[in-house]
Amino acid sequence: VDVTIGVLNDRSGLYADLAGEGSVVATRMAIEDFDAESKDINVEVLSADHQNKPDVGSNIARQWIDTESVDVIVDVPTSSVALAVNEVVREKDKIFLASGPATSDLTGKACSPNTIHWTYDTYSLANGTGKAMVQEGGDSWFFVTADYAFGHALERDTQAVVEEAGGKVLGNVRHPLSSSDFSSFLLQAQASGAKVIGLANAGGDTINSIKQAAEFGIVQAGQSLAGLLIFSTDVAALGLETAQGLVLTNAFFADRNEDTKAFAERFKERHGKNPTMVQAGVYSSVLHYLKGVEATGSDEASKVMEWMKANPSNDPIFGEASVRKDGRHMHDMYLLKVKSPDAAQGEEDYFELLATIPAEEAFRPIEDGECEMAKQ
Amino acid sequence: MANQVETIATDLPREKGAGMPRHHLIIFVVLAAALLVAPFLLYPIFLMKVLCFALFASAFNLLLGYGGLLSFGHAAYFGMASYVSAHAAKVWGLPPELAILCGTAIAAVLGLVFGALAIRRQGIYFAMVTLAFAQMVYFFSLQAPFTGGEDGIQAVPRGTLFGLFNLADPETLYFFVLAIFFFGILIIYRIIHSPFGQVLKAIRQNEPRAVSLGYRVNQYKLAVFVLSAALSGLAGATKAIVFQLASLTDVYWAMSGEVVLMTLLGGMGTVFGPMVGATIIVTMQNYLATLGDWVTIIQGLIFVVAVLLFREGVVGVLAKRFRKPL
Amino acid sequence: MTEAGLMERTGDAATADMVLKVRDLHAWYGESHVLHGIDFDVREGEVVTLLGRNGAGKSTTLKTIMGILAKRKGSVVYKGEELINQPSRQVARRGIAFCPEERGIFASLTVEENLYLPPQVSQGGWDVDRIFELFPNLRERLSSQGTKLSGGEQQMLAIGRILRTGARLLLLDEPTEGLAPVIVQQIGSTIARLKQEGFTIVLVEQNFHFAAKLADRHYIVDQGRVVDVIPGEEVEARMEDLHAYLGV
Amino acid sequence: MSDSTILAARNLTKEFRGFFAVSDVDLSVIRGSIHALIGPNGAGKTTCFNLLTKFLSPTRGTITYNGKDITSYSPADIARLGLVRSFQISAVFPNMTAMENVRIALQRARGDSFDFWRSDKTLRQYDHRAEELLHEVGLEQFAETPAEELSYGRKRALEIATTLALDPEMLLLDEPMAGMTQEDIERISSLIRRVAKDRTVLMVEHNLSVVSDLSDRITVLARGQVLAEGTYDEVSKDERVVEAYIGSGHD
Amino acid sequence: MFELIGIPPQALFGQLLLGLINGAFYAVLSLGLAVIFGLLNIINFTHGAQYMLGAFVAWMLLNYLGLGYWWALLLAPVIVGITGVILERTLIRRLYHLDHLYGLLLTFGLALIFTGVFKQLYGVSGLPYRAPELLSGGYNLGFMYLPNSRAFVILASVVVCFGTWFMIEKTKLGAYLRAATENPTLVSAFGINVPLLITLTYGFGVGLAAFAGVLAAPIYSVNPIMGENLIIVVFAVVVIGGMGSILGSILTGFGLGLVEGLTRVFYPEGSAVVVFVIMALVLLVKPAGLFGREI
């Protein structure tokens, strides 16, 4: 069988470090580990930059499918682009393995029989971090939210979790995307007197918020920061000095067990850095897909998809896990805390595990998702 | 140093006697023939993208190259039209031709309002006023609920043209877009080579003199502004139907910049330049997308080289070489 | 005109005292060849004019001497030094100053700044009081924006400006254009005075009556060539020729 | 003000940040005459022109043209009334040929200049008239030359042809002879005399022989005010005028 | 104590102070842009990238050579300025006689190249840069905690802005520069070395951008895309001030920081667009900006 995998992600913008070329590396590793050649599956990998623009992304997806006979598109680390690609893939009846995007709409309103949302989503992030913070006593919140749909969704999901856990939300401030100065917003958060400042933003915005919070001594003054979407690359950019003590939820971290450690090491050999959860997720999703192709002996979307949902995935990243009817890949999530510089051993030792959140708890219950497929 | 765009215009004096010169006619015929067979050789969606941007750049060039007005906010008309036509097709369920008409009309209205304010300013200040308005439109698009924020309006139905032709078929869609493209280009061509076009040329070259001859220059500037905005809207509205998506990209300032680049790269103030420029840039974006970071670097290099070596744009250089306006 | 012919007419007394020798000067605007071999000489302390119809190449000659036209060929010798390949700032530093026909007043500078702009290239320039004496209008408007001056005032400023620099060879392109008759007279006497003070002047003029009183020699320029030389004292006698050349 | 007055200004004043370039000027131009405005440099002549054609707004004062108050008109509308000006620094459309320059003016007079849907072939109807006008100013062999490439004097001639193309009722010429050779001056002088037969001309000029030769009436401005008014003979004998403007040496 | 639309005056002071600090960045950046535009007529779109370069050079000096913030403040502008001089000599020089558009296009292309190369080398997540000992910590002003590193920005910016203004508006050098912008040929014909003058000016303007970059390094992260979004706002500041007006760009820079600060309190979503609203309003009322000379 000939299969073509298209790795579509940000290769030059905000998310280039957490996905980018690393996701292509992860894809190739999956193909090698699966040993496609000996199984007579001929795999070709394409990659492109969607520049975080939905029109660019959907265009590439369409063209790949029409002219390069791409069977499966992986990664796509921007919610808006992922939603657009989701539509194209559904229309053309191919497969979309979404490791990069956050929006839980992919298994909600926009869910599609052709899509699996692989690594994480806004609900699981909000749920992990939100609940944990409230339980530790952080029961009053103030949100610093990026003023766009993704930020709003993250804020909304977290607010629900916080309130359900018995906390309350004192207010929020919405900042324009890609601001460079957060001091004003942070000061407003400080003035609110909330115990927790929830950062419902991503990438550079999160990094700058945390950095500037340290500068203004907000954490020393007694408030905690909750980064709702933080990747290991962000921690690297901040440096442990600034990031220490930050609590976050993640689907993957290198030191979890021997398997993950070994994988991270191999990845690092090729890419120079530890994998992020998105890149690790790409590996996992491609591996499971290839198994499906092998098992069904076909590259037809519906057959492979059926197999993937019917059989558990098993890999060094997530161990044993499954794909739910609505396209949610179900695996454990981890509540992590950033180590202090003294506690860190080695260059990329960032995280201390606070808690493991079991899959069933980590992700949104299927019935809450407004997904048509779930109702059948 | 000249404040006007005049300095670089390839305003070669026209041949004696007006009307469409023979070589233009030949180029148009060849172009039409090539575009008719093209979808059988090249990926039609890609071709449609080229056509939409070629129309957009030509509309922009009408204002810059022939009106002498550098707008740095043309994304507003292109993008707003694409939102409106996407919304009309998806939410109101209008057929594609009406959806596109709605988009074009909105662009014309926006052009009228913004143009009326902006044309009172000169040179770089004009550019900045248009940029400011465009940024406001961008902000509106980001905040207004109907645009879907950064997700945009997705899954826009292509619908059935005049209730007869199903545009879901890429070939039918292609010929529809091609017809719109030619319609737009011929309008632009006619405007340029009309009595009105002559007056524009005069105003661009020496405004006080035109005033002293009794021309109410602001009316001419506004007219060309509105025409340019409406045609840009036509391009944007069509794009939304073709790609079934209207998004923030189309109203962002970078889009305004891109159309300037296309026009200059192809040759501003030439009939065929903007089309060539749009083709080059769209092709580049399409085929370099796999290169990641290198795309920006390569793009940057191309701009630098283009500015240093073919300042009049590809077509401008050719026009000079053959001593014929192209 | 051949070099020999030219020499004969200017009186080849001693080429040594020629401060400026222009030979076979060619110049181009882009592709268009405008000067086709200009020859003329100026002695120290002389006033010579370049006369000719519109478009003959008079202004271009001055610009070429100044090194302003990028594409030029031939020879310009000033005080024994070849200048043809020097950039214009070096030409200026040798003590040659140029007053362009479009005046070249700077809009972003005040009148005062315009006046003080050109650096002094040698001793002996006029001081500003003397300039104000000649052009009292300027004193009143010192703090205005340069281009807000009336056309004639701009002309005064342009002339005043180069008198300050101490340049000894002045290239004046239509200095009386657009000036009131009184001022024209003043400029006439100024040029006469400058001449007495030993300045050397090359004057381009349309106003022949004005030029005739001042010049030692008139070079007639036509289509980028010097076609004739008329010494000042022969003007009366050769009025016919002049008519033919200039339509005076 | 009598019927014979075509253009009249009352108390015309222009102040630039405290500097009065024109102050309280009264001016009336008689229909069919050639009226010259002279005065030392900086006297306010160009400013007066700019005020009369509304390229500048007067600080004070009224302007009437053919009995109509035009003080609040826009410059384009004034031109449309038939009061057309030229500029002191020559003003042509540089990248258009001489022919096209003239045609632009003809086109305005005919009023089809907004037709963006028609071919510019329709403009050929003006070619004949344009050629005539170019011939009148001696530019016939430059019809196809871009205006930019004309020498200074020829640009001025072209400007006059363009102005005439509008068939104005009254012309305002700002130093039409500046920078011209004697030959050209004579040609343009006779041209002005010819066109002035059924028109009114107001002109600024420093060339006194032209002024004395052409003008019926002269207003002398100095420091923004009217210094004297009358025929050339009257004015040129006025001592103040001689001192401020003409000077002693003039023949 | 009274409240202003729900904000206690104490908090408002804090916000205004923060606005002023941002304004200090705008002022230095727009000053550089205005110097280059005013004197070279080039719309330097590379300015954002050069600001980024300043921050990166500071980072490199620290990480490769062990030279800290204070050295960087001195050296980075010089180093980046020299790269500017090279660009001017080799590329930008060829465009002076052309329309603004071409300069804009060329510098835009250069900005793409710089940003692309740094992304390729360092990724986009950004690199940490620590403030020097002297500037870490801060003062508690009562109504807010003011980090020293930010307070220093205001000081540095005021000094640099005033110095530049003085040099250009009040010295002969400035007059040469302004004249050379208008008519370089004639200024050369007066005996002035115009090309050198222009090169140095460009280098100086670029140096200002780099200086702002160094100031930014410890406050924001050192990131290849840090200048990308800033450039257009800074450009708007220059326009509001009046293109080429040195004083205009300085005052507008500070003023706009304040206005933006207030917007962040009362309508935070709008803080990115407020500059454009102001620009449109100003230009509609004052055709050439607040301090510009009307054409």
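Some observations on this one:
Every chain is named by a letter (A, B, C, D and E) in the order it is written, and numbering of its residues begins at 1.
Throughout what follows, a residue touches a chain if its C-beta (ideal position, glycine included) is under 8 Å from a C-beta of that chain, and two chains touch if they have at least 3 such contacts.
Computed from a predicted structure; not experimentally measured.
Identification of common neighbours of chain C and chain E yields an empty set.
When every chain is reduced to the mean of its CA atoms, the largest separation from chain B belongs to C. On a Cα centroid basis, the chain most remote from chain D in this structure is A.
Each chain gets a centre from the mean of its Cα atoms; for chain B and chain E, those two points are 32 Å apart.
Between chain D and chain E, the centres computed from C-alpha atoms are 48 Å apart.
Separating the centre of chain B from that of chain D, both taken as means of CA atoms, is a distance of 42 Å.
Per-chain Cα centroids separate chain A from chain C by 77 Å.
For chain B, the set of residues that touch two or more other chains comprises 6, 293, 295-296. Residue positions of chain A with contacts to 2 or more other chains are 12, 16, 147. Counting partners per residue, chain E has 116, 119, 181-182, 269, 272 as the residues that reach two or more other chains. Here, these are the chain pairs in contact: A-B, A-E, B-D, B-E, C-D, C-E.
Per the touch definition, chain B reaches chain E in the complex via residues 1-8, 70, 117, 120-125, 128-129, 131-133, 135-136, 138-139, 143, 253, 257, 260-261, 264, 293-297, 299-304, 306-308, 311. Chain E meets chain B in the complex at residues 41, 43, 91, 94-102, 105-106, 108-117, 119-120, 181-182, 232, 236, 239, 243, 269-270, 272-273, 276-277, 279-280, 283-284, 287-289, 295. Of all residues in chain A, those touching chain B in their complex are 11-12, 16, 20-21, 46-50, 53-56, 58-60, 62-63, 66-67, 79-80, 83-84, 87, 147-150, 152, 177. The touching residues of chain D, counted against chain C in their complex, run 16, 19, 38-47, 88-89, 149-154, 175, 178-184, 186, 206, 208, 243-250.
Remark: chain C residues 66-68, 87-93, 97-98, 100, 104, 106-109, 113-114, 116-119, 121, 145, 165 touch chain E in the complex.
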